[in-house]
Amino acid sequence: MGSGWVSPSEAKVLNHRVIRSDTRAMEWFLRSSAILVALALSAVILLIVGASPWDAFALIFSGSFGSSAKLAYVMTAWAPMLLCSAGLVVTFAAGLWNIGIEGQVVMGAVFATGVMQALQNSLPPNAVLLLAASAGFLGGALWGMFAGGLKLYGNVNEIFGGLGLNFIAGSMTVYLVLGPWKRPGIGSTSGTEPFSPSLWLPAFKGFQVSPIEVLIGLVAIVLMAVVLRGTYLGLQLKAIGRNQRSAFLMGIPIGRRMLFAFALCGGLAGLAGWVLVVGTSARHNLFPLISSGYGFLAILIVLLANLSALWSVPISFFFAAVVMGSLQLALQRQLDSSLGGVIQGLLVLSILMMQGLRSRLLPSKKR
Amino acid sequence: MKVELKDIYKHFGPVPANDGVTLSVESGTLHGLLGENGAGKSTLMKVLSGFLSPDRGKILIDGIPVRFFSPAQAVVLGIGMLHQDPLDFPALTVMDNFLLGDPSRFRLDRQRARSNLLELSAQLDFKLDPNAWVSNLSIGERQQLEIVRLLWMGVSLLILDEPTTAISSQQKDKLFAALHKLTDQKKTILFVSHKLEEVKELCGKVTVLAHGKVTGECKMPCPTEKLVEMMFGQIITVGKRSALPLDNSVLDLSHLTLNDWRLEVKDLSLQIRAGEVIGLAGLEGSGQHLVLKASAGLIRPKAGHIRINHTDMTGRPYHQFLEAGVTYMAAGRLEEGLIAGMTLTEHFALMERHPPFWVNWALAEEIAAQHIQEFKIRGQPTTTVEELSGGNQQRTLLSLLPPHSKILLMEHPTRGLDLESTEYIWEIFLNRAREGTAILFISSELDELLDRSHRILVFFGGRVRVLETPQVNGIRLGESIGGKGFES
Amino acid sequence: MDLSILIASVLAASPPILFAVLGETITEKAGVINLSLDGSILLTAMIGFVVALKTNNIIAGFIAGMMTGAFVALIIAFVSLTLHQPQVATGFVLTLLCRDLAYVLGNPYAHVPGPLVPHTPIPGFMDLPVIGPILFDQNPVVYLSLFAIIAVWAYLFKTQPGLKLQGLGERPAAAFVRGVYVTRMRYVYTLIGGALVGLGGASFSLMVKPGWARPYGIEGTGWIALAIVIFGGWHPIRAAIGAYFFVSLQTAVNLFQSVLPNVPTQLFPALPFPLMILTLLLVTIGNTEWMNRFLSLFPEKTQRLLARTLKTLQTSPPASLGTIFKKE
């Protein structure tokens, strides 16, 4: 499709033309009003379905922070979101829309499951887990490069390539779960034979979250932030994202760097897939839809974080809280848990609008 | 239809593109508008055709002041413009292009339009196939289509913007014949061009623009020297070239044929030696950009060879040219050189030829500060490039050039710079030339071309003439750019 | 199986995708991408059903669906055409948001039986051999869908405003010179396209797949519709062919399920998607530089044959798709 699409990083530049210390206040004002608008609209939606907004928000809050068990749940949802966000920050920096991230998560889970099934009886558990993690990274990275290859050599826009690959990954999962990897006797879409507890990530006693999964997520974010700010690779990716033509004229190998970005993001997404199989709140097997939409949510998170790796940390925590909290809505109130998604979507939409309003209303200054 | 422009003033930024232009075009005449690039011709025509509104000034049609705010409104009043790249729809057919925009009816009557199209074309001796795809037409044919369409829409003043840039001489003859027929029908033609010879051949009266002002008017016949003087002003030449260059051939173009959608540079052979400075002259779109881009490895020649230091580089990718020591600097500062949104420090970091894994930001900032001082860039290492003024962006681009290149290819290196900066920059270039770097640069400043180059390549419609600078003066150069000496 | 009955059932199942594809073709022809299809189809399906249920009026349901579709399209138009934010971002967010909204708002109405579009065969015509049952033994929505294909085609290629629409997406600068108000028309066509998408969504819940549920079962169809638009080369007839092809595929898949019991049933609905990538690949790959170089390796005659086949398959988008129009 046309190359006239404004990439996210270009949009960021267009929007950031006006950043000066004196307009910082205006920035904060616009951001806060966007958040308020989003919350207000969510309240309206709640009223429409006959629920009380206060009640619903309180329920979400208590659903995520009400007890230590719930907080642990939130953190287990946080981990895969952190990993996906870390990866997306890289692809967004290069100006790419990696919609295929869901499929990359799934392939990571598939590869991890495969390795674990093959080796679970022949190697000590820690070794199996480690190898599974590497396999997960590899699976996601390959799937990511697939999307990149389609774009670079087939001229297929990465959005549609990624989407198609998402569906293929999903189909493969269904096939595996009902076919070669099916549970002996039963064979249903509830998934493969669950792994024994020795292959679960160890959790704290009393606080059901594994430090490993959260740590991996945070480390990934920090690493990606470091890569983008401190390495030549990161600098070159940013150059590509901002102005592909100038970057090319400077001698930066565009194709290779883009493939690298896809591979890195895919790898991190694949790692998220591994976490979804072995993590604390996992069902410890492979099942269809294992990615649970975390990949797409991560896109929203990174958009909301204005493509910043560090801001993705609190925002993804917030999103994880909303996701977990809104499960309570379905359990206790007859409300659909997608309300969490509504809040998240409204937030990103409001921020997008505010960004647009700001760059249109405030004049850009030039020296 | 008599059209008058009175005291038109239009500015973009501090320098006015049109500075009080007054011009009067009599009905039924072929009036020429002559001027260099940057003289203000295109701005004036955009004002007249409705694309822009003047900041000050009036437009009168047959003595009555009119105001219009869009090209479509101008057409309604009878003013239509044929653009250098005709504003048509390549993805549609000739017939549909003809029809699009006709306000008369809702349902498309292709039959009626077809007969109108063929009739009008026949009148002007044009041959247009209504079913052809416009993308398959030559530029000349696309022009013909647009002229016919504008006439059908009832245009009485036809503005032609550099129409002969990319058409064959046969098509040019056809066009001129058609224009004469139109004036016989009492239509008025405004012929905008930089080609002296053609304007002399075609028009009855010429107005010359330079630096946004009218520098003179002339009724044909009018001597070329007078026109050149009005276009370029006084030219003082003082030779400031480097000493006689060394002998080895650094860049060797042999029988090079290049083309793009507009024109073709055929069979160009040229040898450039180390330390030589070559100026590429000629007005926009005459082929000089093609040659420069081909020498940088950005476009593949259709035929011929490019050798750098006796190695055949034809068809090799751009990054191999970079490794061979070629440096290319494009004209679009923010489009093809700098990266908006990144700071000066980041740009200097990116230019690192063999970068390590980690960026040494302290070092990069130091380098940036050094270059800022050296090139007198008004900015900080932390300034983002889009915040710089145009002149400072140019300085930045130049400061980013790698210290040792074998061949420097530059498009308009001193555009937008004041005299002092230009002197300073050329000092740097001369030093490089002394060290053996060959320099090819495109410029539209005659004095720069004459002062600095050992040889000047003048481009006109894809053809090239080589002039040795000791034997050329400003008048000759101006004439050459305008097309003299290329007839054959 | 009787072939004409098979074709008739394909026709009966096609209106939702047809309307969505036609609508998006119009929008993209004007140069705007409405990426929210997957979500807006769900949302408009839900709203169409609920409104029809509550008012006991099917037409009201369809109108509600259309208005919802137009409203979502309005958001995209506003954020991209006026606020200059990237269309892809807005579209993507709206995809998720509309889907979630549909689930939340539609929750109370899941598995509730509701009104259906009545079957209205045209007497006399329906007894014609072969084409009778296919074309004239359907319901009003199907007739409308057939009419829509012809209407869109006629508008685009036979009227002045339709011609301007083609020009608008191809070269807004040239259209502007010819008197087209670029931004205004882009708004209009985006809204019209959105309304058609809404019509398609409502056709799901009031006809093809009556009622509402969570998940509804058509998740992913919007993405397929977007791909069909590309495959259809932004031409209404070719796009309609693509839509019918897809629906035939789905129908065939349902048939094969009963024939091949060993292959898991859940696999089948997902089959069209990899095909989608393949077709996308086919229609865009000819435009790449390396393909041109690859072809030049072949002898002259084969080269021309290959090039010609590729060329007919190739589609290229309206040149200004996704870009912002600035007057100078």
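General remarks:
Letters A, B and C mark the chains as written, and numbering starts fresh at 1 in each.
We adopt the following convention: a residue touches a chain if its C-beta (ideal position, glycine included) is under 8 Å from a C-beta of that chain, and two chains touch if they have at least 3 such contacts.
What you see is a predicted model, and the numbers here were worked out from it, not measured in a lab.
More C-beta pairs touch across the A-C interface than across any other pair of chains. For chain C, the chain whose average C-alpha position is most distant is B.
Distance between chain centres (mean CA atoms), chain A to chain C: 28 Å.
Taking the mean of the C-alpha atoms as each chain's centre, chain B and chain C sit 44 Å apart.
The centroid of the Cα atoms in chain A and the matching centroid in chain B are 48 Å apart. Across the assembly, chain C contributes residues 319 that each touch 2 or more other chains. Against chain A, the residues of chain B that register as touching in their complex are 318-319, 322, 328, 330, 334-342, 346, 349-352, 355-359, 361, 378-379, 383, 386-389.
Listing the residues of chain C that touch chain B in their complex gives 157-161, 163-164, 166-167, 170-171, 173-180, 318-319, 327-328.
Within the complex, the chain C residues that touch chain A are 35, 75, 79, 82-90, 92-94, 96-97, 99-101, 103-108, 214, 220, 223, 226-227, 230, 264, 266-267, 270-271, 273-274, 276-277, 280-281, 284-285, 287-288, 290, 317, 319-324. Listed in rising order, the residues of chain A touching chain B in the complex are 9, 12-13, 16-17, 230-233, 235-236, 238-239, 242-243, 245-253, 366-367.
Contact residues of chain B toward chain C in the complex are 51-52, 70-72, 75, 87-92, 96, 99-103, 105-108.
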